[in-house]
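What follows is a set of notes on a single structure, which appears directly below.
Labels run A, B, C, D, E and F following the written order; every chain starts at residue 1.
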Amino acid sequence: MSLAKEFSKGIWKENPVLVLLLGMCPTLGVTSSATNGLGMGVATLFVLMCSNMVISLMRNIVPKKIRIPVYIVVIATFVTIVDMLMQAYAPATLYNALGLFIPLIVVNCIVLGRAEAFASKNGIVKSLADGLGMGLGFTLALVALGGTREFLAGGTLFQIKMIPAWTTDFMLPTSAAGAFIILGLFLAAKNAQAIRKAKREGKAYTPPGLDCRSCNICDMDK
Amino acid sequence: MSDKPRKFKGGVHPSDSKALSASCAIQDAPLLDKYVVIMHQNIGAPPQLLVKKGDVVKKGQLLAKAGGFVSVPLHAPTSGTVSAIDKCPGPTGISVPAIHIDADGEDEWGSPFEPIANWQNCPAGELRQRVWDAGIVGMGGAGFPAHVKLSPPEGKEIDTLILNGAECEPYLTADHRLMLEQAEDVVLGAAILARILGLESAVIGIEENKPDAIAKLEEVAGKYHVRVQPLPVNYPQGAEKQLIYAITGREVPVGKLPMDVKCVVQNVASAVAVADAVVKGIPSIERVTTVTGRPVKTPGNWRFRIGTPIAKALELAGGITEQPAKLLLGGPMMGIAQSSLGVTVMKNTSGILLISSDEVSLYSSEPCIRCGRCVEVCPMSILPATISQAVENKRFDWAQELNVQACIECGSCSYVCPSHRPLNQHFKWAKVEIASKLRRRND
Amino acid sequence: MSEQESTPSIRLPDPARLVVSNSPHMRSGENISRIMFTVVAAMLPACAVGIWFFGLAAVWVLLACTVSCVVFEEGWNKLNKRPSTWKDGSAIITGILLGMNLNAGTPWWVCVIGAFLAIILAKQLFGGLGYNPFNPALVARVGLLIGLPELMTTWNPTHAMVSTLGAADAVSAATPLAMAPGKVEVLQMLIGNTKGCLGETSAIALLIGGAVLLIFKLIKWQVPVAFIGSVAVITGIMHAIDPTTYHSPVVHILSGGLLLGAFFMATDMVTSPMTRKGAIIFGLGCGIMTSVIRLWGSYPEGVSFSILFMNALTPLIDRMTVQKPFGYVAPEKGKVA
Amino acid sequence: MSAQKINIPMLGVFLGVVAAAAAGLLAGVQGLTAERIEANKKAAISLAMNQVLPAYDNEPMTETNTFACARGWKVTFYTARKDGQIVGYAGKVDNTDDGFSGTVSLIVGLDADGSVASIASNGMTNSAVIVTAQTETPGLGTAIAERKLQKTITDLFGGSEEIPGLVGNKYLDWYAGKKAGEERWAIVKDGEKVNGKTGATITSTAVCEAVYAVSKTAVEHLDELSKGAE
Amino acid sequence: MELKFIIISIISTGIIGVLLGVIIGVVAKAFAVEIDERIEKVEELLPGANCGGCGFAGCSAFAKAVVAEEAAPGQCPVCSGDDVANIASYLGIEAGQGEKMVALVRCSGDISNTVRSLYNGIRDCRSAVVVAGGAKGCDYGCLGFGSCANACPFGAIEMRDGLAVVHPELCVGCENCVATCPKNLIVMVPAAAEVHVYCNSPEKGAAKRQVCKTACIACRKCVKASGEEEHMLVDGFLVKTNYENPPSADLVEASACPTTALRVAGKHAANEYQGVSK
Amino acid sequence: MSELTSEFLVITIGAILVNNFVLSKFLGICPFLGVSKKLDTALGMSGAVIFVMTLASLVSSLINQFLLTRDFVIGGRTMNLQFLQTLVFIVVIASLVQLVEIILQKVSAKLYESLGIFLPLITTNCAVLGCVVLNAKATGPLQSTWYGATIYGFCSAVGFALALVLFSSLREKLDLAQVPKAFEGTAISLVTAGILAMAFLGFSGLV
């Protein structure tokens, strides 16, 4: 695959949230507003790129048996760096809102998943492209989700009122229940598009499910 | 044994419409000029053909011999010529082989065996052989060879013989009339069956909506230690597992047979056929059948020869007053719908029923609303609604787990379902799929 | 036509017009829409009382909910090219019940959002009538409660209250459950002259409706009995311990939609267990959870949440209460492997 | 296909080296950012303090007194002086335990007599109450606690100017000038001046309790406060 | 910067790391599991349709079999030629690609051509056969309730007027439909053969004509036109294509089949035949 | 009620019902969606999570208390290793899981068979890490002790198990529903989870 393709596949065709169904926890947890989605997305993007890069560099020297622990250590390092950097330089409100989920980037299946499925098999440039694409795809999905939830709740986007006449806040979309439901609707929309496409191409289509195909982290003991 | 019958769980009370034919005495159908005897009329192996096209046969003569132990011979319904051995529409919609006989009008006897006048002293084995030779199958529905039921395998003890006179299906009155008009024969048949099984006594179970038959039978029953047991009116009282429970309180385990709880159940018509075969030496070549339904001009009960075309039977009943929506062999709850008039009366045809279009609710299955009615009426206490949804999603494994095999296909669940779900068809389908899977696994 | 001549002396059925189908060939004549419209009839007394006490506002809410439920149902069917289903009456029930669960002064757009939550989100996404695991009307009510808590916890006073108390006092008067224990007028609650959702205030009307449902055997009596019974017992114990902080069981039973929930919503067969044993467990669960939320939770009212929560438990209950078939023999041990 | 032989010491060393490298890197970054993080935390407090206190010329951050209030919470007071005279206190209380879905932390500017200070800003009189941390329901509980300017799309294009100073919040501004007496303050939900919001009584009460606690503690300990830091 | 601090961090974490590495090494040694990464790779190269057309329980089972050389890559009916070649070259083995087969529904009796009763029940062939054999006049014909079409993961079977019609270009030959048909109507035939007899009824010609306008009445016109049983075989009252030696498409024109039971697959799929009424 | 008892209630009822890990904290969503197709597997996973989370809480709170939060003075500045929290925790969890697996395999083959396959999944289940991090952040007098942290770990896992079991039984039911094509699979599961979360909101304020 060309470099451009490695980069672009994460954005739509293999979008980590909508297609690979990875990293559901931050997806649901931080998307009560577009700003939060963006912050989380960028943080993950950074970690993803760094870890993809380093792991790709190390891929030939890491003993197979301990590759996952090594990857985890690498990832945890970058996550902690992001954590400290954000605490130091990001707006306090954003850092507080993302709170718990920053350390959890460590276990975000996207990061480890890409490390294992891609970076450990590809060169540094390709891995960087993959990390960038996947990270961007994740960020876009999070911003879209956060934006939708925020907008449905009170007509705002990035905390800016888009419809000044909208005065009563409707809190369901920003509640926990709304997170699940609206992500469900997003997936359905993506499915509908894929179904239509598959039909046009005369192919069979099965909606993506969360299974071991998109995440092979549990190879750890092998 | 208590006198008070037990009530089985569940069941339904459809309007019985028996009044149409209940008071019509059994008439002997006149001799026709053509009979079509379907070859395979019994559960088990098909019989082996003994005649060929052009053969001349006498009434009662053997047309085909039993094709194994679970199989029965077939006899000519009248004298005449075998005009063809060809296909004819079968009761299940698929064409089946049949023996076509052109009657010569003489109706000349050519019985293969003699009456056994002194049956009380005849060995049980001989009597059982007679039942087999006479080609008697269960006349209550399934057509299971009677002699098989009468031959419990080594180690299986039988202590109760039950005659099934429940006739719980709406519309049907053939057994009712038979019990009323030939009570002595019924009791005699019961006594012979009891003797074959080595028993002293027998019980006849009858639904309480036939008080005249109960009275009549009680009158004559004393002669042979036969007891008459009135039963509450509750469909499917006549299903053998429910009948056994009502009379003895024993539950036939799932997947097991009546003999596993030491019972044998025979239909009353089967008992009469046994009596005829033993005492009069007549093989199974005729039966009493109810021809009824609102579109039938003169409903009634007829004694038809086996092989009588349905069209002829309907003609005898005066034809129709309106185009019916359905033609059924059997009762409205369990009968089989026919797509042609070419079928003929078989040994287990207890009724020929026409249903007018306003009585038929066409299939328009809606989703199950989980009202639970089917669960409440199911006499087998399974979960029709869940099984049906499982089958709808082709989850036959699930259906099996939920004991779909226990279903007796009584149709109570479909009867009450407000969503008009084809529950019964789902179960039938599931059983077929499960059976074929088992077969595949055994291969 | 010359029928006389052409008709043969004996006519036989025309085989080409015979229908073949599986047995049974007889049906009880019961159908979904008859069931549903009976339920609608059973709800009418409570609606009527609501309209009597709250006036035209109640009519508008009921209408807005019902109409938008039906419109969403039909719209979805059209969009997905499915046969029309509104005539089966289930969407109408959902609409009326949703209306009954709202304050009489609810704005129309709230009704529309509620109808969307009920019909599209809670019902059609799962495949429509019969497949929804959660009670649509309740999903709508809880969704609105979460989304618009302010709006959903302000109540219109009844006309009768306005004329006796004066407008200002009537507006600030509380719902029975929010009043201090001992100050509640039980008689007013029986007839329905209290604040609350427009369909939940009159105990008598709801009991009449419940009786209709029971007489027509549309609901399992186990559900309301277990539900109301367990609330009575638990709140009774608490009232006995401390009558100054806890209301008497009578107040608990008559207020806050308990009767509405127990007779009309917990009994929705689609979302409650199928067997009678399951129904008892379901009712008890609803009752316990309602009591806990009312006594110690932050919501003044727990009926909706408890039924919704028990809806989620229904598949488990159904699994636990599978009945043994007639003649069931337990598989022998050791044979399983 | 694990053709390679498992070399246990080698595994240990490799993982050890990676982990050690990681730790080193982290320690480095930690060293780089630690100060800034500390400063951020301080700045957050001092920003709030500057907003609630009148002009001062001392370093209130260093002049602190801490007392426990009747509810058991610790209230920290920062004393502001101008020309040596006490011009007011900033009372800070953290993690009260009775919000709707968590705790509330706030800073209250007090006049020298312990009453909640008023601050004129943008032509309005605001109270010197700032909620510094809360986890209430967005749009409901937060309406009581937040002093946030709702920007609308028209502002963006209309180019209206950023207004410095405190943003008004009618629920918080209710406390301006109030001084804690024996009676706790009531929640008022109707009329012009309110401190409570229908549907968010719990948050309203939590904020009210916290502000009351600060004022009450100050009033009780006015003597010690006026003596300055210990 | 405090070097000491950094050193403490490095040392403590380093120790943890060494410990862990050793533990994992010991564990791995004790519980070594042999895995073959080629399986993974082959699975990646497979199309992932999981249709079971290869005769294995899904793509990963097939991949295992291919690597173990118990199956040839070409056995996957869904793989394009390129895919097969890729796998074969990756493993350095023979492609083993068989002849492409497609499904054939041996019936042409759609609603307008056959007698049927009014069937009122579950619309699924396998279920319909338990009721009156499916209520079709012809006992052997297509019931038209589409069990096969539902079983086809590739949408290659179209239900048209109560008849299942295979679109040969969409059919990948996975054989899912074959076992589904309760009437055993579907057989796999070489995709290269174009001419088929669309009838399955062994009944006598007259009997068939009573219930169906497009039945094969075994008039042998096609047999003669193709030159005596070389391309067409007679089997009782039914004629079949000799798939060992299939005729060319012009046979249909040449033989002028009186019932149009003889058809060209592509034209049949395009709905270009009507029954001939008599 | 004493402070400790009331915090005990907050931890137990709070972690199981009110602030359910899955339905209100959004932790462990991957296994929640991935291992909930069948009730039986859900039960197995629940057991494994309860076991690992309790153990992980215990071990990591001990490490946190006795190693990471220990202050030491270097060059006049007080420092500690708290910044290594994430790194140490995840490594501890990962190795813990592996050790448990080995031990289980040796000690009880039967238990290993029913729980074993779920163990590797748990490593990357952010519920475990989340729980441990929350413990480390906790300020309550009970939760900041090692036993309080263990109780919290156990209760959170029970909350996770409750949600998972409920959800899997609902999904088994959904298997029989005629869900619109585009919603099949994860989409409708998410909607269901959303409504389940609504129902759980009823518990709010209980503690």
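Keep this in mind: a residue touches a chain if its C-beta (ideal position, glycine included) is under 8 Å from a C-beta of that chain, and two chains touch if they have at least 3 such contacts.
As the structure is a computational prediction, the values presented were derived from the model and not from experiment.
With contact taken as defined at the outset, chain C and chain F are each touched by A, B, D, E. Least step count on the touch graph, chain A to chain B: 2.
Listed here as common contacts of chain A and chain C: D, E, F. C-beta contact counts were set side by side for D-E and B-E; D-E has more.
Put simply, the C-alpha centre of chain A and that of chain F have 21 angstrom between them. Rounded to a whole number, the gap between the C-alpha centres of chain C and chain E is 49 angstrom.
Once the centre of each chain is set as its mean CA position, chain B and chain D turn out to be 87 Å apart. Within chain A, residues 65-66, 69, 73, 76-77, 80, 84, 171, 175, 177, 181, 221 each touch two or more of the remaining chains.
Chain contacts: chain E has residues 2, 5, 9, 12-13, 16-17, 20-21, 24-25, 27-28, 31, 35, 117, 120-121, 130-132, 135 touching two or more partner chains. Multi-chain contact residues of chain B (touching two or more other chains) are listed as 93, 336-339, 362-363, 367, 422, 425, 428.
Viewed as a contact network, the protein chains fit none of the simple shapes, being neither a path, a ring, a star nor fully connected. Listed by label, the pairs of touching chains are A-C, A-D, A-E, A-F, B-C, B-E, B-F, C-D, C-E, C-F, D-E, D-F, E-F. Chain E contributes residues 1-2, 5-6, 9-22, 24-26, 28-29, 32, 34-38 to its touches with chain D in the complex. On chain E, the positions that touch chain C within their shared complex are 115, 117-121, 130-132, 135. Across the complex, chain C is touched by residues 168, 170-173, 175, 177, 181 of chain A. Partner chain C is touched in their complex by these residues of chain D: 100, 140, 190, 197-200, 202.
Chain A makes touch with chain F in their complex at residues 21-22, 24-29, 68-69, 72-73, 76-77, 79-80, 83-84, 100, 103-104, 106-109, 112, 175-181, 183-185, 187-189, 191-192, 195, 206-211, 215, 217-221.
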